[in-house]
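The following pair of complexes shares a single chain, chain A, combined with chain B in the former and chain C in the latter.
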Partner chain A sequence: MKAKRQRTAILFLLPAVVLLLCFMIYPLGKTIYYSFTAWYNFSAVQTFIGLDNYKDLIRDPVVRTALRNTGILMAGVLLFQIGFALILAILVDGVRHCFKFFRTIYFFPIVISATAIGLMFTLIYKYEYGLLNYFITLFGGEKQVWINEKTSIYLALIPVVWQYVGFYFVIFLTGISNISSDIYESAMLDGIRPVQKAVYITVPMLRSVLTSSIVLVVSGCFKVFDIIFMVTNGGPLDSSQLLSTYMYQKAFARGNGGYASSIAIVMIVLGVAVTSVLRKMLQGGDEDA
Partner chain B sequence: MKKTKKVLAVLAGSTMLSLSLAGCSQSAPQAGGTKTGTETADAGKAASGGKEKIRVFTFFTGSDQWAPVWSEVIAEYMAANPNIEIVDESAPTAGVNDVFRTKMQADIAAGTPADLSIFYTGADGKPLVDSGLFVDFGTYMKEDEKWSGNFKQSALDSQKYDGVQYSLPYLGYYEGLFYNKELFEKYDLEEPVSYDNIMKAIKVFAENDIPAFASSMAKPSYLLELSILAQSGGEGHKNYFDDSWAPALDSIAEWYQMGAFPKDTMTISEDDIRLMFKEGKAAMMINGSWCVSALEDNENMRLIAMPAFPGGKGGEDCVIAGFGSGWFFSKKAAERSDETLKLLKYLTSPEIVQKFIAVGGSSAIECPVPEGASLLKKSAVEMLNKASYTDTAIDSQVSREAWMAIADDGAPYLVEGKRTSLELLAEARKILEATSK
Partner chain C sequence: MLEAEKGKELAARILKYIILIFWALTTIIPLLWVLINSFKTSEEIVKNGIAFPATIQFTNYKTIMSYPDLSMSRAFLNSFIISGSVVIGVVLIAGLAAFSLGRFRFKWTKYADAVLIACLLVPSFATMIPNFVTISKLPVRGTHAAAVIPQIAGNLCFSITLLTGFMRSLPDELDEAAIIDGASPLYVLTHITMPLSKPMFATVGIMVFIWSYNDLLTSMVYLSQRSKQPVCVILSMVSNMFGTDYGSMMAAIIVTIVPLLVLYVISQEQVIKGLTAGAVKG
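This part shows the complex of A and B:
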């Protein structure tokens, strides 16, 4: 009976395993292989060149910029995405009226596609026909070139943060609603103030939710592509390049599949390493607590 | 058990990142052509109504000048042939993000190109030929000489790969220096028919806060192509990335330092460039025949060849023109039925081509010249007639990555003084050598 049950379970699991092998494990293997080859224009010919792509990658200044930008992105989303989402969730939880209204408003950007958001911010930042410069000139000011070498990554960060604040806001709001009201009531009897309530009760009680959110946010940084692609396309002078946008450009705009594959592998390794370390650090904190 | 789960989770997550690339893997073309599931689904007639679906891929969409004509032409065809449904998969080619090229690359890698595609020829078309997914037109042209006789022989010859006709030329292009006569007159400047006139114009326009050139450093290909031709002339045009091209690149850097380009030249899109010039916010624009239809209503617009640079060998006798794209016909569609070929013959008939030419460009098919040409079009014809040397754009002759080393990837660093022209040319040569192996 037990063996039959196991056979049935395996039978149901098999399709998923086959799909995983076809669409995940096999492509991963191929990407690893391509990263050791010179492969141009998606031709059928790949020439094995050993570690040459990786050596070029170490020397490539754009890769260094992309790594730095990924770091900036991580810091930005941790600080603003998680930070704003937490503050908003705590504030909205304390609101007696219009709860649903605020929840809908803050969650709204999630349902807009990243490409549309990217396009919207492109129209905002444009020099000649942009919204920001329209208002500046309306009040007699001089038009500004908003996206330049120094500002590009920070300006591209704004829509990235804006899009997902609502997502984490809803997660935190759900987490807060799961905190037992008894704790709040007894604290109120002791005369706790709203700020103290948030700092000493809500945030510590949300620890596990915060941990998962932080891991999600950080690992998500390696996948950010569409908004940067739309707003800056990695420029000017590669100043807002991420590994993902650089990989895309190398593969599809320049036709260098081998080099792009090596960038993809670096992204995978970094993504897994950073996520694992972060998870370990945060779990270690949990155990201490 | 826990460890296995972790390994699986890590593998699953990480593989997601690699999917986009590895999905583009390509095996060598198979002889015999065993049909895959996708192929069978695509190839058959639609379940309802028995209509045959013909997938067509072009760049006649979005802001492309020929987009309205294209929509009209295929709608007329479907109305006249109720058994046919044309699935228009066209993608835009203008702008910083070239979706058109990406889509074709993905289709080729997946082995599922559209039944009929217009795509770049030359170096860009080589992967299509190498894929073995497209027919050789030779037999079809011999079978119907009335149809094939309409094509200009020189245009056909320009699209042969090792003597084989894998693509059929369609609409030709030319590139040149557009200028707004009104702005030159307003600031009492001579027209930009010489390098000295251009330099004087840049200075005067910069003083008046007007960009001399509507041009983007994020996509500087046209600017580079014409500058290189003006420097190298016909003689050195095919010495790809030779150091003799350096003065042309240096001139662009000098113009940038003089304030010749829009303030947001590092990020401005191609569409905005064209709009800026059209609205008279910039005095000159280096671009191609695809811009003519949008500009010809303004009688002050003119088009000339780029004047020779100091010590250069180019000038008004050198022009970039040709048939940089052509029709590719998939083997799968050819094996399925004659309907796709019938559609291709309709699209390449003189009557239909004339409709496209009335909007802009030149034709690879003998057809009557549209009446009532604008002053801009007349100046374009004059430019082409003066030229004794005509060649296609360099970016269609060399590998994409090599060209990008001096264009999108290199030009912004060059004009900012972070890299020299000789460094960029050396890098491009190195890439060209690697990609030619």
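This part shows the complex of A and C:
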């Protein structure tokens, strides 16, 4: 009986295991292998070159730019997706009657494809008729060419940050609604002010939600691709590259599979490292992972 | 004294609404601008990028729907074939796996859990190049399945994790009664566990559909044939192909996002639940 049950369980698991082995575990190992080879244009020839790709990577100025840009992105998401979304959630929590309206509006950019958002912002930044230049001329300014080497990364990251503010807003709002109202009521009796309430009650009570959100936004920074691809495609002159866009270009536009694989490996290692360091830092020994 | 206190409170309230409405406007205005411009000719847009159209005209929409190489209507069909298959595939395969992990308890079950969590940490970039090589060797090359299979694999871990958690929380009594009556595991799955897990299947299905519909990268990498590519890949090429036909670009954006906005309007709670549950997805 038990053996039969076990057979059934394994049979049910089989399709998932096969797919994961073929398209997740095996390719992961293969990417690690490719990263130690010189391999061009998806040819049949891979030459083992040890750590050479990684050595090149350390010296590659574009990788340095990509890492700096990832740092800028991290600062942006922490400031806006965590900070500003938290402020919005606390503010909305005070207005009972129309919080649903705000939730609907704030969340909808998440549903839209990042490709569409990328194209939308490309059009907003356009010189002749872009929305941004329209507002500039409205207030008496001069039209500008917005995307250049200095500004590209910031302009490409605005939509990235903008899109997900509503996401964390909803997460925080759910967290706030889970805080027991008893705590607020007794604080109200003590005559607490709204700002004090936010700083001394709401934020500390949201600790575990905040921790997991911070880990999520920061590790998510390594996965950003679509919007950058659409708005600047890493340019001009690689000034707005992220590791993701750079890896894609190396592999599929310039056919350097070995080097692209080493970038991919760096992406996972950094992602896992940043995630575990943040977890350690933020969890002062309390529950919940 | 009291008056001043009241004035302060009112000012705080007004400031609060200003901040809230400001952010609402930043999300609405760009989209509204695209919508309005999609009904204008490109000359109109260049002349005045913000004005309402002189006459509402659908030329842009007709252009993108029948553009020979980048037909949006064909891309739509592709999108629904691909994302529909991905949803069906994930629900079936993840459903079976979750039933196995969630309703049977063996010693190895907890190792399977650990493997699933580890898989969540693997980004699609890390598997993309070898998968591209594998796909180009398989007979599925050049068909919709070339994008469908990797997308199913990419969504599995996360879906199994969610479904397993849900199925574990279901009571045992019903299963046991059915098994004593001689029901097969497949019968228990289809007649007891699946119906009870419907809300979680719906969440997973919606999340996977949205994710797949919006996924640019995998479709771009695994599907090189223009005639099989989904909406977002076509959209990504629009700005290069249409050159200065801004009106058509605006219309293409609107057409791309309408299906998901409709889904969002119809079942907002489900969509929000699905996407926030999918937060951990790799």
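Throughout what follows, the second predicted complex is superposed on the first by the 255 of 289 C-alpha atoms of A that agree within 3 Å, B and C clash if a C-alpha of one lies under 4 Å from a C-alpha of the other, contacts with A are read in each partner's own complex, and residues count from 1 in each chain.
Basically, contacts are C-beta pairs under 8 Å (C-beta built on N, C-alpha and C of every residue); 3 or more make two chains touch, one makes a residue touch a chain.
Keep in mind that this is a model prediction, so the values were computed, not measured.
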item: Clash or fit (per the criteria above) of chain B with chain C on chain A; value: clash
item: Touched partner set for A:L131, first chain B, second chain C, both or neither; value: second
item: Chain touching more of chain A, residue-wise (chain B, chain C); value: C
item: Touched partner set for A:N256, first chain B, second chain C, both or neither; value: first
item: Partner chain in contact with A:A44 - chain B first, chain C second, else both or neither; value: first
item: Contacts of A:P194 with chain B and chain C, given as first, second, both or neither; value: second
item: Chain B versus chain C as contact partner of A:N148, first or second or both or neither; value: first
item: Chain B versus chain C as contact partner of A:T115, first or second or both or neither; value: second
item: Touching partner for A:I105 - first (chain B), second (chain C), both, neither; value: second
item: First (chain B), second (chain C), both or neither touched by A:V77; value: neither
item: First (chain B), second (chain C), both or neither touched by A:L237; value: first
item: Chain A positions touched by chain B in one structure and by chain C in the second; value: 20, 23-28, 30-31, 34, 42, 126, 128-129, 222-223, 229, 247-248, 251-252, 257, 260-261, 264-265, 267-268, 271-272, 275
item: Touch list for chain B against partner chain A, complex; value: 10-29, 96-98, 101-102, 105-106, 108-109, 126-127, 130-131, 217-218, 262-264, 266-268, 272, 275-276, 281, 399-401, 404, 408-409, 412-413, 416, 418, 434-435, 437
item: Chain A-facing residues of chain C, complex; value: 12, 16-17, 19-20, 23-24, 26-31, 33-34, 45-46, 48-50, 92-94, 96-97, 99-101, 104, 106, 112, 119, 121-134, 136, 149-150, 152-154, 156-157, 160, 185, 189, 210, 213-214, 216-217, 221, 231-232, 235-236, 238-239, 246, 249-250, 252-253, 256-257, 260-261, 263-264, 268, 271-272, 275-276, 279-280, 282
item: Touching residues on chain A, where the partner in the complex is chain C; value: 5-6, 8-10, 12-13, 15-17, 19-20, 22-28, 30-31, 34, 42, 84, 87-88, 91-92, 94-95, 102-116, 118-124, 126, 128-131, 133-134, 162, 165-167, 170-171, 174, 194, 216, 222-223, 225-226, 229-230, 244, 247-248, 251-252, 257, 260-261, 264-265, 267-268, 271-272, 275
item: Contact set on chain A toward chain B in their complex; value: 20, 23-28, 30-31, 34, 38, 40-44, 47, 126-129, 143, 145, 147-149, 219, 222-223, 229, 232-233, 235-237, 247-248, 251-257, 260-261, 264-265, 267-268, 271-272, 275-276
